[in-house]
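You will see chain A twice below: alongside chain B first, and alongside chain C after that.
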Partner chain A sequence: MTHPALRLDDTVHQRVRLGILAVLHEAASADFSYIRDALDLTDGNLSRHIAVLEEAGLVKVEKDVSGKRTRTWVSATRQGRSALDAELRSLRELISRVDGKP
Partner chain B sequence: MTHPALRLDDTVHQRVRLGILAVLHEAASADFSYIRDALDLTDGNLSRHIAVLEEAGLVKVEKDVSGKRTRTWVSATRQGRSALDAELRSLRELISRVDGKP
Partner chain C sequence: MEHEQAEQTLSEVGRVRERTRRTLHTFWYSNLVAGLFFVGIALLALVTDDARILTAYWVLGAFAALTLIVRYFIRRERELGVVSSAFGVDEAIFAALIAGIFVVNAVVDGSAGAGAGIYPAAVGIAALGILHRDRAELAAGIAFALLATVVIAIDPTEPMALINGGVGAILIAAALAGRKAERSREPVIPARVARA
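Take a look at the complex of A and B:
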């Protein structure tokens, strides 16, 4: 019986990246600045974490050039949604385990 | 209404350290090798994370020299227990939010 903490994956578990995937779960596709403001991040910090998630195939990034403004849209891939599910499953297990022994 | 991910603290949220605090919640005081095996860590990795938790005042480390063996006992401080509680509270909120429950 392995400890649920063993099943947490740093790519998804890291605080900011977990926040990004949670926001994308609510919004399906979100504008870069929307995510930045929702999680109170700097542009640089958000970019860095989105790059890690993109590299791992968990999010997709698309640029939308309309007029003189470029917007960056981020959405979770199917793999990203499964990864969030797996993370939340392990967290629920960890919480139940802690709750089971007061 | 801030996102629950904003309330996660890296000191406690980091995968290995969350595991250590969860194990200490179950065991009150645990031998170094017990934690290492429960979380499938190397000695070096566990030492490093225990040092971070000790530095933050979340765990207490005591050496017990009996005969020719030295055992290292780790326990959560009161502050460590509160920090784990706060982390689990934020995680529960994050999970409910993803699940679509208020």
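Take a look at the complex of A and C:
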């Protein structure tokens, strides 16, 4: 059986991306500025990480034009939700191994 | 990865999820609208016992209340920029709560039935309070259970006046407490979890 640390997915495990997936796990979708403010990020930083997640098929990005404003809505795909669950499972397993719990 | 780092990451993720959940699941507005609806029916029943008027109030009032609540959540979520699932756990609990009230009222007769009908609402509301760690909602659930017990114990000749007035007052109190709690929290989430 592989060590849980080896099962951590680099795409998901990066802290910003983990934060993005954590927000999206609780919501059907969130707009760009909500995620940016929630995680205290800059626009450029968030864009870069969303692009990585989108490329990996973990989030879906949609533009919505309402009035004069264009909003970018991001939602987690099924794969993205599973990836976060798997990541959290591995982290818990890692902790319980060190603590000596089964 | 070190143990301490793993624990910190887990707790940060937990905090982000918790805050998003709290942002999405707020009950004060629904409680206020529903509370006013029940106080309205209690007051209306004091001035008329015409079944047609009371039925019309139930049907139109419930429709208006539901419309107000749905519109509020749609507007709120659009403004905040975060949208909840169309049918999530909260909605499932609410549907079970309504179904429970109908089942109990069909099975138990008289004022005992009217009183017992509040228990499913008490369980549902307390469950929402526990699920979302919302003290006002949990307290409302407990108050509902107490109200049901009082109605069954004293067996009043007109139980609906006591039930509607009591339910309305509890919901309005929960709305005011919930609103106050929401205002005392940080509005949006400078979690600083996720610095690259």
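Here is the rule we use: the second predicted complex is superposed on the first by the 99 of 102 C-alpha atoms of A that agree within 3 Å, B and C clash if a C-alpha of one lies under 4 Å from a C-alpha of the other, contacts with A are read in each partner's own complex, and residues count from 1 in each chain.
Quick note on the criterion: a contact is a pair of C-beta atoms (placed from the backbone, for glycine too) under 8 Å apart; a residue touches a chain by one contact, two chains touch by 3 or more.
Source: prediction; values computed, not measured.
*Asks:* Sticking to the clash and touch definitions up top, decide whether chain B and chain C on chain A clash or fit.
*Replies:* Clash.
*Asks:* Name the contact category of A:L53: first (chain B only), second (chain C only), both, or neither.
*Replies:* neither
*Asks:* Tell me the contact category for A:R15 with respect to chain B and chain C: first, second, both or neither.
*Replies:* both
*Asks:* Pick one for A:A76: touches chain B only (first), chain C only (second), both, or neither.
*Replies:* neither
*Asks:* Considering only touches as defined above, state whether A:E26 meets chain B (first), chain C (second), both or neither.
*Replies:* Both: A:E26 reaches chain B and chain C.
*Asks:* Output check: A:Y34 vs chain B and chain C. Expected answer is one of first, second, both, neither. What do you get?
*Replies:* It touches chain C, and chain B stays clear.
*Asks:* Determine, under the contact definition given at the top, whether A:N45 touches first (chain B), second (chain C), both, or neither.
*Replies:* second
*Asks:* Once the two complexes are aligned on chain A, which partner has more residues of chain A within touching range, chain B or chain C?
*Replies:* C
*Asks:* Chain C: which of 5-13, 59-67, 131-139 or 167-175 bumps into chain B?
*Replies:* Looking at 5-13, 59-67, 131-139 or 167-175, the stretch of chain C that collides with chain B is 5-13.
*Asks:* Residue by residue on chain A, keep only those touching chain B in one complex and chain C in the other, then list them.
*Replies:* Chain A residues touching both partners: 5, 8, 15-16, 18-19, 22-23, 25-26, 38-40, 88, 91-92, 94-95, 98.
*Asks:* Under the stated contact criterion, what part of chain B meets chain A in this complex?
*Replies:* Result: residues 2-6, 8, 10, 13, 15-16, 18-19, 22-23, 25-26, 38-40, 84, 88, 91-92, 94-95, 97-98 of chain B touch chain A.
*Asks:* Give every residue of chain C touching chain A within the complex, in rising order.
*Replies:* Going through chain C, the ones touching chain A are 1, 3, 6-7, 9-10, 12-13, 16-17, 19-21, 24, 80-86, 188-196.
*Asks:* Applying the document's contact rule, which stretches of chain A touch chain C when the two form their complex?
*Replies:* These residues of chain A touch chain C: 5, 8, 14-16, 18-20, 22-23, 25-34, 37-41, 45, 49, 71, 73, 88, 91-92, 94-95, 98-99.
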